[in-house]
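My structure is below; once you've seen it, I'll send some questions.
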Amino acid sequence: GVEKFPKERIAEDMVPGLAIGLAWTRVGGDILYIESSLSEGKGKLILTGNLGDVMKESATTALSYIKANADKLNISKENLEKFDVHIHVPEGAIPKDGPSAGITMLTALVSAFKGKAMKKNLAMTGEITLRGKVLPVGGIKEKVLAAKRSGVDTIILCADNRRHVEEIDPRYIGGVEFIYVERMHEVLHYALGIETF
Amino acid sequence: GVEKFPKERIAEDMVPGLAIGLAWTRVGGDILYIESSLSEGKGKLILTGNLGDVMKESATTALSYIKANADKLNISKENLEKFDVHIHVPEGAIPKDGPSAGITMLTALVSAFKGKAMKKNLAMTGEITLRGKVLPVGGIKEKVLAAKRSGVDTIILCADNRRHVEEIDPRYIGGVEFIYVERMHEVLHYALGIETF
Amino acid sequence: GVEKFPKERIAEDMVPGLAIGLAWTRVGGDILYIESSLSEGKGKLILTGNLGDVMKESATTALSYIKANADKLNISKENLEKFDVHIHVPEGAIPKDGPSAGITMLTALVSAFKGKAMKKNLAMTGEITLRGKVLPVGGIKEKVLAAKRSGVDTIILCADNRRHVEEIDPRYIGGVEFIYVERMHEVLHYALGIETF
Amino acid sequence: GVEKFPKERIAEDMVPGLAIGLAWTRVGGDILYIESSLSEGKGKLILTGNLGDVMKESATTALSYIKANADKLNISKENLEKFDVHIHVPEGAIPKDGPSAGITMLTALVSAFKGKAMKKNLAMTGEITLRGKVLPVGGIKEKVLAAKRSGVDTIILCADNRRHVEEIDPRYIGGVEFIYVERMHEVLHYALGIETF
Amino acid sequence: GVEKFPKERIAEDMVPGLAIGLAWTRVGGDILYIESSLSEGKGKLILTGNLGDVMKESATTALSYIKANADKLNISKENLEKFDVHIHVPEGAIPKDGPSAGITMLTALVSAFKGKAMKKNLAMTGEITLRGKVLPVGGIKEKVLAAKRSGVDTIILCADNRRHVEEIDPRYIGGVEFIYVERMHEVLHYALGIETF
Amino acid sequence: GVEKFPKERIAEDMVPGLAIGLAWTRVGGDILYIESSLSEGKGKLILTGNLGDVMKESATTALSYIKANADKLNISKENLEKFDVHIHVPEGAIPKDGPSAGITMLTALVSAFKGKAMKKNLAMTGEITLRGKVLPVGGIKEKVLAAKRSGVDTIILCADNRRHVEEIDPRYIGGVEFIYVERMHEVLHYALGIETF
């Protein structure tokens, strides 16, 4: 049994391991928190939060991207091997799926491994690939409106999603800045201030 | 085959590893015991009691939170690695699911690792997150009434559940104290007397 | 294909690892043998006999209880680690489930680890918990009548099941002694003569 | 696609690891070959031949019985640990299930570990238990008639199955000897000439 | 999406690890290639090609036969332990099942371990057992006609399948030689020129 | 929720680990990117991108081919053991299956292990086998037209697919070069410039 709660404001307290994405649900867009934490272990990836297979694959792909680019990201291979990584997506009663949380999961993981918090009032949505390209995703209008309502002031999107933003009446999204990216390292640059190239 | 038994009074004998939650079933609210025990092993998590996937994920998340905050909780990493942890939820004939036992599972695990019993006549309900935030849950009215009937005198809830308590006729819950929390360390403070920050 | 066989008398030859419970089937109550054996291994638990998930969880819980109470039970941790434990419930063609064999499984396991046979003409039924409490179960009337017919002279039950026995016409259960318990160590005391506290 | 083949005569060439049971199929009784072989490994049990879960559990139980009685059977624990055991039931296109091949599987395994072939023209059917008791099984009439047709001259059965044999018209089973057993070591005595007690 | 391709001629280029069987499909008989390869590993068996459970069990049984008869086959146990074995059955879009590829899988595996190619223009079909007996299979007429059409000049079959060949009009199978076998070592003798006894 | 995006041009930026295939979907042909990356590990194969079992088997087969031909490919066995290999097929919301990506997966893997990028403006489609033969696949017309539209100038196909290309009106595929192959090493020669024989 799950009751409805009023729309939440975006979190003020950004901590390492936390990243903020945007979800597209049956009842509109919503803020999507991705939490990650490290604990001593053997490089295992633990995924919770009622996630579907495609969303789990996004997390696996994000971790492989980090491993394959560990040098550029200045993340030590020792840490990748000696920590277990847990990614949790809160509100466990709600099933979640799809590839659009990819860049958010990547950001959460890099944030955890680097111990660096994501910028405040920022949200993002986009599919990731293993070679570092960001792909466009659906539900842009609903996601952007939900972000605006929640207090988000900056949104990272795939460049191929620009035309979906341009279809939204500008009066509804005044004051929101859009950052269009093509590559995953751009996301990490804007969200975490990390320079990889 | 399972027969009905009369409503039970809350347990008098609190021991380390035991925590008391509140469940919301088809026939109303109920007391929910969460038991945990440690035995020499390899850090494995064993979950029994006819638990659904979401409830199992709560347990996994609680354990990751403890591992990631082991220093603050003053729980040795050696113990986290050398013990297997078993969480059992009694009344195995009844399927149980949902995220609302999260703070109860966390309390049971910390109680087991610290060897410290939870306060008597206390019950709780709330979803946990990996970053330590407590989320509101459903079925508050039924849970609170069941707690009162069973002899509970203090209930820990998420601050976002306060308005659900305020909708209950005060005549039915006289003498029950409500503690509203936002963070998981507050739960551990009230339930176990543990200071983490 | 399975044929019916005439109601069996309770076994005369109690050996270490064997315990006798009571089952509640569609056609009435029945004697339920729980067999366990140890063999050199790595502490693995093997469960056979067409057991449902809830019954398997009872076995897992019984083993965790033994591990967590190894000192009190005077069972060496070395033995718990170096033996594989097999629990088999005969009559493999018949599916079995439910938590009511819990105290019988616990008794069978402790009997195997201690090398001590259970008392003759004794049977039991009750759910176990991880913290050592015995919970009431259903089907008491059918189970007790089947026990009487099979030659059982002593039955261990949860104290909360006393009222279900008192509802049975005394003429049908003359000569049967009932032992009502609240804790699992009481079961081990009566069935195996083991003192743990 | 599977075609019918004429009823086969029982195998003349008994080798270590091979045992002959009796099956009860939709179209009557049949000879059931149980094959086992050992190969260097780690004590793993491999089961093939389109076996259902109950039949697989019989094999697991047979192996545990052998492990728990290794001393009496004069089978070295080193061999039990260093060999993988494969049990295959030929005619892979036909699904097989039920507990009645238990004593045949036990015989096949002991035959393999002892390197001793089973007696010729012998067949058997009966459920096994972990404590060494043989239980009665169904389909006796069909199984016995199929055994007779195939050239079997001796059949091992559970003592509780005697009355099912006595219901068969003696004219159909002239010349067949029945050995009724209560314990698994009796099976090994008659089939393999092994003395365990 | 899979299109039809014209009936293929049997492969000219036999290499170690490749064996040729006969399949029985909804649209008639067909040539069935079984490929196997070894790579440094830990004795793992990898099965691909859209295989059903029964066909996978044939492969497992073939490998156990080789392990149990390694000495006779002059295959070193070191090689059996240090190589992973992959069996692939091409045309991955087509589901395949049944036990009739057993002798072909055995031949492919022995061919790979011995580094010896199978004879050209030979095909085979037959179920294997763990003790080395070859069992008859179905679909003989369709398989034999497909073999003839594809250029096969020699076919290995179980002796119990002889009568199915004799039911085929001889005009359709002129020039094809049939080799009837009872034991698996005969297959290896004819197909690979290996003497094991 | 997944929206349509305009037909993409083939990628300009070929990097090691990336190969370009052709897919046949319900709405016509499409470019199919296969990405692979290596990270320190234990030779594990990770497959993501919403892949069906047959497509996963293609990847397993490609990796076994590489392992069995490591010497010819001049790929060190140490690298095959010490790296985990991840193959991801982007656009995770779209289920993908079938064997036709086989040669593309092989090319992606060899490209990753050799650190050598595939030629630009090249695409391919074909099933692989364990022994190195390329098999024809379906949907050639749709795949070729999609390749042409996307800017592909060279397509590698199985020789048995030549007749399907010859059925396409030449006006639609002017300027596209077709390379017909029979063996997997030819693919690696044309796509990566690797000589293996």
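For clarity, chains are labelled A, B, C, D, E and F in written order, and residue numbers in each chain start from 1.
By our rule, a residue touches a chain if its C-beta (ideal position, glycine included) is under 8 Å from a C-beta of that chain, and two chains touch if they have at least 3 such contacts.
A quick note: this is a predicted structure, and the numbers were derived from the prediction, not measured.
Each chain gets a centre from the mean of its Cα atoms; the one farthest from the centre of subunit D is A. Each chain gets one centre point, the mean of its Cα atoms, and the points for subunit A and subunit D are 59 Å apart. Annotation: 30 Å between the Cα-based centres of subunit E and subunit F. In terms of their C-alpha centroids, the spacing between subunit D and subunit F amounts to 51 Å. Listed for subunit B are no residues, as none touches two or more other chains. Begin at subunit C, move on to subunit D, and keep following the contacts round; the order you get is C, D, E, F, A, B.
Those residues of subunit F lying in contact with subunit A across their complex are 1-3, 5, 15, 17-18, 33, 35-40, 46, 48-50, 84, 86, 88, 90-93. Across the complex, subunit C meets subunit B through its residues 24, 53-54, 57-58, 60-61, 64-65, 67-68, 70, 77, 80-81, 98-99, 102, 127, 129-131, 133, 135-139, 160, 164.
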